[in-house]
Each structure stands twice: as C-alpha cells, then as structure tokens.
Amino acid sequence: MKYSLKGRIEKICALSSSDDVMKFTFLSAAGDKFACIYADSIADKVAIGELIIKPLKLFDGRAEDAAKLIACPQLKDCPDETAAAGLIAEGCAILLAEGVGAIVAADVKNPPMRAVMEPPTQVAVKGPREGFTEDIKTNLGLIRKRLKSDRLEIRFLTVGKRSKTAVALVSLKDVAADGLVEKVERSIEQNEIDIIPDSSYIAGFVSRRPRSLFRRNSSSEKPDVFCAKVCEGRVGIIVDGSPIALTVPYTLSEDFQTAEDYYIVSYRATFLRFLRIFAVVVGILLPSLYVCAQLFKIQLIPKKLLFKIASSVEGIPLSPSVEMLFTLIVLEVLNEASVRMPKYVGLALSVVGALVLGDTAVKAGIISTPAVIIVAFSAICLYTVPDFVETSTLLRLLCLIVAGSLGTFGIVVLAAIIVAYLAGENDFGVPLLSPLAPLNARDMRDAAFKGGMYSLITRPSALGVKNKVRLKRNERND
Amino acid sequence: MKTDAKRLIKRGGAIVCALIIAALAFLFFTNDFGLVDLRKTSVVIGVGLDRAGEELELTAQLAVPQAAENGSETRFETIVGKGATVAEALNEINVRTGFYPKLVFCELILLGESCLDGDVFATLDYFYRNEYTGLTPKVAACKGSAGEALSRNLPLGVSATDAIIRLLSEEAERSANVSTVNLRDVGANGYSPSSFCYMPYITTDESQDGESGSAQSGGSQGGEENSAKSQGEGGGSRSEQSQGGDGNSGQGAESGAQNEGFVCSSCALFSDGKFVGVLDERLTFAYNLISGEVRHAFLRCGQGDDLLVMGLRDCRGGAKLALDGDSPTLKLSFSAMARVQDGESNPTPESEGRKIATEEELALCRAELEGLFRALFDKSKAFGCDIFGVRTQLYRRFRKSYEKFEGSILSDLSLSVEVKLRSAA
Amino acid sequence: MNGTIKVRQICFMLVAYNAATKLLLYPTFMAAEAGNALVIPALVGVALQTAAVGATAYLSSRTDKTLFALVEQRLGRAAARTVYVLLGLYFLFLAVVPLVEQKNFIHDAYYETILSLGMLLPVFAFLFYAGMKSIKDAGAFADICLPVFAISLGAILIMSAGQGDYSNLLPVADVSAGVLGRGIIASLYRFSEPALLLIFLGNFKYRKGDAAKLTLSCAVGGLAVVATMAVFYAVYGPLARTRTFAIVNSTLFFSPLEHLGRLDLIAAYAFDLVVLFALALYVQAFTHCFCRAFGREDFNCLFSAIATAVLVAVVLIVNNKYSLLQRAAASWFFIPVIIFSYLLPLGAHLLVRGKRGGKAHEDGR
C-alpha cells in the first residue's frame, strides 16, 4: 500500500534512531488507523492526549479531514518522513493516518525549564528582580511584558547544524538604525557550527574582532536592562538555552552602567559611576605602580610609608615583581577554585586560602604584607564592574609584566597603545569609546556621569537611530 | 593578493605581539638592568658637610629598615664618606657599603663651621646639578662639626635629622622664631642681583646646669610661660627630649649633662656665597618679622616692672625700596594686632581679663620693634650684606637706574621705619 | 590615510598637542636664553603661530579641497607629489626635537638610574602603531587627550602656582632687543602648528565660525605654555635655567606632597601620555603625506615603519648630544618652519580660485 502506516512508522523511527521516540497507534470512531509519534523526553503527553488523540478518537469522518480536528494552535508543515524525524527531535508530535499521505506535526513541546528568578550575576538592591532563563519563549515573554509595542520586531534564526538552536533578534523597527538588524543577521548566519550551547558563541560571531581582549557586545540577564537597551536603538539577541542576552552595538561605557543607576538619585548614581571607573583604574594599576615604585621610582611612595614597606619587604626572597606576580597567581587560583569547588569543601578551602596562603605565607616571610593588601584590594576593586572583569584581570597582569620590565614608562606606553587601539575600534559603525571619542557632550550625560531623568531626552546619537527623541515633557497647567 | 597580504600582516602581527610579550616576560623575570631597587638602596635623610683641608667629609644619615612583619622598625645610622667633592664622597659610601645612597628623600643639608670659610655654592654645587635631587631639602649651618651633630644619639630613637627638621618646622617659621630656607631659596637668593642668602644657624644646647638653662630661658617658672618667654626674647626654638617646650624645658639643672638638644635661634648670612656673620636671636626675630609670613609671634618689651610680652597677630612686614631722585630709601614696614600675653609683676584678675592693650603698652611695643628694625638695618650695613634684597628690588622695579645705583646703593641707603600696631578688640 | 575629522577635534589638537610638545624643555631653554623675560619671546611665538593658524583656517573657508588637490589642480600632479613628500619629511623633522626631549624626560622623570637606549623601544613601537592610524582616528585620539591634558596640566599648575614668587618675572617689559630677537629666533621652530592644519584641509566640514574657533584654540594652547613658563620661573627664579622639565619640577614645593609622596608625578605621567600622542601625530602626518603622494593608501603600515626607523636612527645619532641639537635648533631650524608652516599656507591661498567650491558656507550647526 502506498501510504502504509506501519511502513512510515518504521521509517520515521529508523530516522529518529532514539529509544525515547515513542509511537502510539489508535483508531478513530470511524475505524481509521492513526499513529502519533513523539519524543517522550520533550513532548507534552497531556497536550498530545487532549489536543490530538481525544478529538480523533471521537471523530467519525474521513481520515483526510482529521487534521482539522486537532486543537493545537501551532501546526507545522511536514513534507516527508525526514522532516518528520527532525520535528520529532524539536518536540513536535507527528500524526500519521493509514492511507493518507499528509503528515501533520503539532508543536507540543514542553522541555524542562527553570523558573524565573533573580539572576545570580546581576543582583539589584532596587529595581526589578526578574531574570532571563534558558527558555527562549519565556525570555521573549519577559520582553513582551515590558515592551508592549507593535513596533517590536522579533526575527527568529536557527543556528547550529545539529542543535538547531533558536536565536531571536529583537529590535524596535522605528528606532534601530537602518540595516543594523540585517547586518547582525548576516554576521550570525554566515557561520556553520554544530551546536550553540550558549549566547557567547553568538557573541563571537557578531564581533568584528573575535580575538580582541575587549569584548564587542553587552550582555545582561535582566529583562529590564535588555529592554532599555533595545529602546536606545540596539539589537538584542536571545539564544535558546542561554539566560544571558546580548545587545549590539556595544560601547565601553555600558560596562560601567548598572540598572540601579536609573532607579536611584542621579547624584548618587554619578558618584557610583566615578567610583567604578576609579576602582577599575586602581585595580588594574595599583599592583603595577607598587612594583614600579619599588623598582624604579621610590619617590612615588611617601617617606614614612616607604620605611614601613621597606621593613616589610626586607628579607623577602623574591624580587618585588615576582612577589607580586606570585601573589596575583595565588589570588587567581583561589578565585577559580572558589567557583568550581563543591559547596561542602568550600569552607575548609576558604580557611586554607585565607590563613595558610595569606597569613602564614606572610609570617614565613615568603611574601610581604603590603603585597597581600594590594592584591586583595585590587581584586575587590575589579569586581565593582563584574562585566569587565575578564578584561581587567588580564590587563592587570599585562600591566604588571610591563611594569616589572619597563617601569612606569612602560605603563604609560601601554596605556597609550590601548587608548590608540580602542579609539580606532568600532562595531557596526559605532565607536567603542563613544561618547568619549568621538566626544558627544549630550551623550556624556549617561556615560561617565548620570544626568537626571530629564537630561536623557534623546537616544545615544552614536547608534545612528531613526527616532532620536525618547522623552517628551508636556507642560501641565496647574 | 591584497587579502593574502592582509592575512599575512595579521598573522605576522600576532607573532610579533607574542614575541614582544615573551621578551617582556624574560625581562620581567631576569630584572637585570643594573636597577637600583628599594632593597639595594640606602635612603639618605640628612647630609652633613665638613671640610678637612682640601677634603670634604660627608656624613650621611641613613634610614635602615629592619625586617618586620608590621613594618615598624627603622634604625638610623650615620656613615661618613670623604672626597674632594660631594659626588666623590657619595661614591665612596657606595663603594664601602655596597648600597647606593639615594638623596631623593634627603630633608636636610647641614653645613659645618669648616664649610663656611669658602664659597657655600661651591660646597652645594652637587645638589644643584643633580637632576634627581629636588631643591627641597632644608639647608642650615651649624656651629662645630656637622658630622658630629648628625651623629648625636638622641633619646626615643629620634634621628638628629628629624630633631633638626622639627626645629625648622612651619610652625616655628610662622612664629618668627626660626628662619628656614631650602636649597631653592638659597640658590635663588644667592644668584639674584642682591647676591645674598641666609640660613638658620644651629648650635647644640650643651648646657650642663640649670643656671645656663635658666639664663637662656629668661629665668623663671617653667612650663608654657617659660616657652613663651624664651620665644619672647626674639627667637629660637629648642629641640629637647620631647620636641621642645614642656614643663622641664627651662630647668636645665635637672637635665644636666644629658641635655643633647639643638638650638636654632640665629641666622647665618652670606654675601656672594661667602659667610659674613651671624644675626643673634633678636635680630633674627626682627628679620623674620619683616621678611617672613608670620602668623603669631611673641615680643618682649620693656624691663623690670614694665616688662611685657606682647602677642602679635596678623603680622605683615615688608621692605620696600623707594627712589626719590638720587636718594634711595628703604622703607621697613610692619603692622600687626597686638595683645598683652604676659607682663606685670603683680597681676590682678582685672588686668588679666583685659584684652585691649593700652596706648602705653602699644607704644612700648612699637618702640621695641622700631629699635629692632633699626638695629637690623645697621647690622646689614656693617656686614655689607643686602639682607633686604634692595639690589634685587632696584633691578626689578627701577631697571633704568640699576646700573647707576648698583654699586653704591647699600652705602647710600637711608632708612624709614613704620610700625603700626592695633589692639585686639 | 583617509576619513573625516571634526573641527572640534582639530581644536583639541591645537590646544593639547600645541602645548604638550612645548612644555618639556622649552621653559628651561627660554629661562637660559632670556632670563626673567622668558615669556616675551614665547608670547611673540604664540602670536605669530596664532595668526598663521588663523590664516590657514581661513583657507579652509575658501575651499573644500585638500592641499594635494589644490596643488594638483594648479601645478600638476608631480608638483603635488613633491609638495606632499617634502611636507611629510618636514613633519618628521618637527618630531626630532620633541622626541629627543621626550627621551630625556623618560630618563629624568620615570627612572632614577641611567638606562640603556633600548628602553626607548616602547616609544617607537607606539609611534609605529599609532602612525598607521587614519585621520579619523587621530581625531578620536585628540578627543581623549584634551581632558587628560586639561586635568593633568591643571593639577600641575594648581600645585605649583602658589609656590612661586612672581616678582621673579620682573622686569617683564624691559628687555633688550638683542635678547628678544635671539629668544624669538631660537623658539620660532617650536611654533609650527599651522602646517598640521594643511593636512586636515578638505577633510573636515567647514562651518561659519570654525576659523575663529581654530584660531582661539591655538591661542589657548599657546597661553597655557606661557602661563606654565611664568609659573616655572616664579618658582625657581634665576635657578630656572638649571632645572629641566618644568612640569615635574615646578610642583616639588607643594607641601602635601611631603605626606602623600610624589603624586604630582602621576599628573606628569598623564601629561606625557598627551606628548606621546602629539609625537604620533607627526608620524601620522608623514604617513598620510606619503600615502597621498604615492597614491597608496594601503601602504600606511610601510610608511609608518619607515618614519619610525628614521626617528630611531636620528635618536641614535643625537644620543647624548642634546645641547648640540639644541644649538642647531636655535640657530637654523626656524628656516624650514617659516617655509612650511608660515609661507606654505599663504601660498596655498594663492592656489584657491574664487570662493569655496561654488557652495555656500554652512551656517550654524
């Protein structure tokens, strides 16, 4: 028989080649034979029963008309058995009828997912506490909850030959620059890869210089931050399976902004932004300057402090630069181990780290107290801007190597090279150092410092947005 | 081709970057540029210079850190180097100790009496030429040997340099007790048209008994009054066992032979780099009132039953040259707010509560000050020393007449003194 | 090198780079040449430079063509290439004295021991890297350098202004003609900024009032130099001729530094960052000129390498011969400066036919 049910079931099951692919055959009221094939781990059996099987069991019409009875709102085209096998893997349930050629696929997937909760990497004292999850639909729901605009455009892409990961590009049609969404889409689609386990893979695709020390996209786990950036004219990227959403284009000043800056008094926000910038600069440069001062220019240290430091380092077997490098490496090891270690041994290892490596090493005269203080303070400083930590820890190490070999002048030249590099970089036409270079006084109100609510009338001009005004104040006649 | 070239450049660039980082890492770990880092450095905090014939003796006071976890131990040692010049003497210290003496933290340069014979700028030449030593160290001359002064053992682990620097503190300067100068001031003044410079003259307080101690303090009750009175004599600050001015300071008898403090109450004068003389305490005080920025000074006026100690505040002194035709006149002006600090042998609650100085008291103070300024002027003429910077003023403000009066201005100069005192309300 | 630059960015260069290259050894040099009247020759230099910048800025109001296009149009391509090659070499020539001063500054301000010449390699590495960048990037550098310059120089002046005796500058006006003339001749070679404007010609959108802004910026940069020199001399008086590097030495007497350490050096190092970018601009200008002359915009890497190699060779040659270089600079360096920075812009005016490109000026913003 041309459309033998048994034959097609066997073919589809052979293509799927997984033991969790289930088949269920049943008869309709008219006596026609039907089969439903689904992946047990991902398909919602209750939905299959209610939306597909139950209506058909009561159906006494022709088998060809059976598809009209399926109550599932999301039916997909399925031309052949191969496509059917693919759709089963995606979580659809395939309906076959004896003697009928058409294959009906109903999207009944219900994968296991985490509840919406506060993101662990972006804690807010004030402001919303919802965070993205690994499910793209939940994330899009969180976005739609905040952006109830008909201009909100969501484009789906499928990336990954084997993972077929859904990637959504989110933008506001009347705000985002012309062609920006297309550029982002192109930069993603021109890559072929097996699997997209996380949004960081997509980040690499959209970056003009994927090997750069400085990242080229902003990331956030918070839907309020994401929506605010989309409203500025950026394109958001949501990746199924990753709670971290990306936005492009990116400017360096974004890392120094937090969501809370917009929920608190602007003076406090300005102060905190300056503090973050100061902390990052100190965190990167303090170990290097300490080494430089000891090796090349002791005048940098005041006299009384110099004597204390000299007393502390007297007898230390390592040179100042090697001592600092050693201490930094110990810190990095502690940092990495604290993230990886099981909770149950965490306490014991913390004690080991603090007491043995810190206190005992100082008492044994292997490292000096100022080195421990400086490294600890530097680490704390860098974590005031967690989004920038990946870059700043490496910069700190690089500065230390340059400081230990070339001194303060080496640091100045390194700073000049980094500034020259950053000033010349842009992604999607937006300079990385905007709004500092090129200087835009109006946009600076939301960069290094935070202006009040009514100073953020226009969107950042560096993004080349279509609709510049985002805030209008209507005068009331009170 | 262009794409290939670009790819080649990118790859080459990556290799070059890797090589640079490797080279830096090599430099980092070998750290071998002949660097003189903190551990190989001896930090010189004070320098004493003495001449022994043609040779110069440099006594360097070093801060020697002791290994300690909390970094609180620092010893002070002195080491002597000899050579024809300061540079040679420092080099000898380097050779003998293996430590490279760094002068970046040098706070004091003390010239011994033997250095005052020659040109002071020849002795200090090294410090003006050395690009690593700023001109911030304070300069002082001392009676006797500078090396011995710096080598003194003072109690409580205080170094001689620190003790002398405390004498030359800003507080002492603001109370007109001490004339402080640094290398810059010595050079700027010495190379100006006036060719004059000065520096505090330090003597050691080797008083062995209470009488000499009492005499110095003006004979009395001790405590704060004592300090005020000794300051009221017109200058001087003392570095004693605890920084000067406590209840025991006037009672030298109890300290006796143990008293190893320094006294800085006078001022050495130099003209054209040559030592010309020393201003005593009272004239040093007067000079500081005119030339310094004094906030609060004490002046003793009168004697016997009329003895008063006046406190002077909001002091403004100046020496201005006026040229009326062919007669140059130096106008010394001084204004201050005066208040009686101490006086009367039989004080009463009414007199002690009175804040306003009477006209008689102001007149007494005025007369005292005028006398001091005239004596100072006479002294400057006697030394042939342009202590008021008259030639410099002539150069700056009367350039056209400079050549005419340059040589004779000191001898032709007449004096006009104006002292304005007002009572504290 | 191609791309556009904004007038604002050129103004920033005329303030920051203009002052930065003159504040290393120039104050000491002028203190030795002119004593207390050191500000007079500097003011004359500033005035001449400002006038020349004004004239060059006015040129940009008359044409939107580049200098190359102007010369090519009137004198032919060969002439245009020649002019650009000579101009490129001129920028390299201008970089020599500031580079050697920078070398001495590194030695004095960053280290306390004598270093090998190899320690200068980072400078050349940076010059090579930055020299490859475009005009647009040069503008971005200026956007960053101006705030750094303003804050660092401001901090230095705040720390030093109160420590000086300003009567050291007297008598200011009473200067002999010989001293004044010698001072002006000796310092004129430093006031060479008008030539840089020629490179930017045709690369920015001229709007009404931009010439005034450019002229004012040049004046501000020059006055910053004069102010710093005045403070320096006020602090040191007759000793100023013995004290090198005003930006490092003027602040020594600021009393909080006793307790805080030499934090003023941080300001000096930040200032030096601006000096590095100012030096890089010369290499960028050389690269631009040669790329344009040879019509090979993709050879920026090669030309930058050539420029850096030439500068390395020059520094090696004049190593430990700074006073010789200084004497030569004081005697005849002003001649090429007059030709390229003062006469060439005037000559460019003659090449312009009628008004700006048939277009009206853009008014307002």
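Note that the chains are named A, B and C in the order they appear, and that numbering of residues resets to 1 at the start of each chain.
Following the convention adopted for this analysis, contacts are C-beta pairs under 8 Å (C-beta built on N, C-alpha and C of every residue); 3 or more make two chains touch, one makes a residue touch a chain.
Owing to the predicted nature of the structure, the values given are computational and were not obtained by experimental measurement.
A.B. asks: Taking mean CA positions as centres, which chain lies farthest from chain B?
C.D. replies: If we average the C-alpha coordinates per chain, A ends up farthest from chain B.
A.B. asks: Report which interface contains more C-beta contacts, comparing B-C against A-C.
C.D. replies: By number of C-beta pairs in contact, A-C is the larger.
A.B. asks: Let me have the rounded angstrom distance from the C-alpha centre of chain A over to the C-alpha centre of chain B, please.
C.D. replies: 64
A.B. asks: Chain B to chain C: how many Å between their CA centres?
C.D. replies: So the centre of chain B lies 41 Å away from the centre of chain C.
A.B. asks: Roughly how many whole angstrom separate the Cα centroids of chain A and chain C?
C.D. replies: Distance between chain centres: 45 Å.
A.B. asks: For chain C, write out the residues touching at least two other chains, lowest number first.
C.D. replies: Each of 112, 119, 125 in chain C touches at least two other chains.
A.B. asks: Show the residues in chain A shared as contacts by 2 or more other chains, in ascending order.
C.D. replies: Residue numbers touching two or more other chains: 296, 298-299, 303, 306, 406.
A.B. asks: Two or more other chains touching the same residue: where does that happen in chain B?
C.D. replies: Answer for chain B, listing residues that touch two or more other chains: 35, 102, 104.
A.B. asks: In the complex of these two chains, what residues of chain B are touching chain C?
C.D. replies: 2, 9, 20, 33-36, 102, 104, 128-129, 131-132, 134-136, 170, 182, 184, 187-188, 191-192, 395-397, 399-400
A.B. asks: Give the list of chain C residues in touch with chain A in this complex.
C.D. replies: 6, 8-9, 106, 110-112, 119, 122-123, 125-126, 129-130, 133-134, 137, 139-141, 143-144, 258-263, 265, 269, 272-273, 276-277, 280
A.B. asks: If you look only at chain A, which of its residues touch chain B in the complex?
C.D. replies: Interface residues on the chain A side: 294-296, 298-299, 303, 306-315, 319-322, 325, 362-363, 365, 369-370, 398, 401-402, 404-406.
A.B. asks: Could you pull out which chain B residues touch chain A in their complex?
C.D. replies: 21, 24-25, 27-29, 31, 35, 37-39, 41, 43, 45, 63, 65-74, 102, 104-105
A.B. asks: Applying the document's contact rule, which stretches of chain C touch chain B when the two form their complex?
C.D. replies: 108, 112-113, 115-116, 119, 125, 165, 167-168, 170-171, 174, 235-239, 242-244, 249, 252-253, 255, 298, 301
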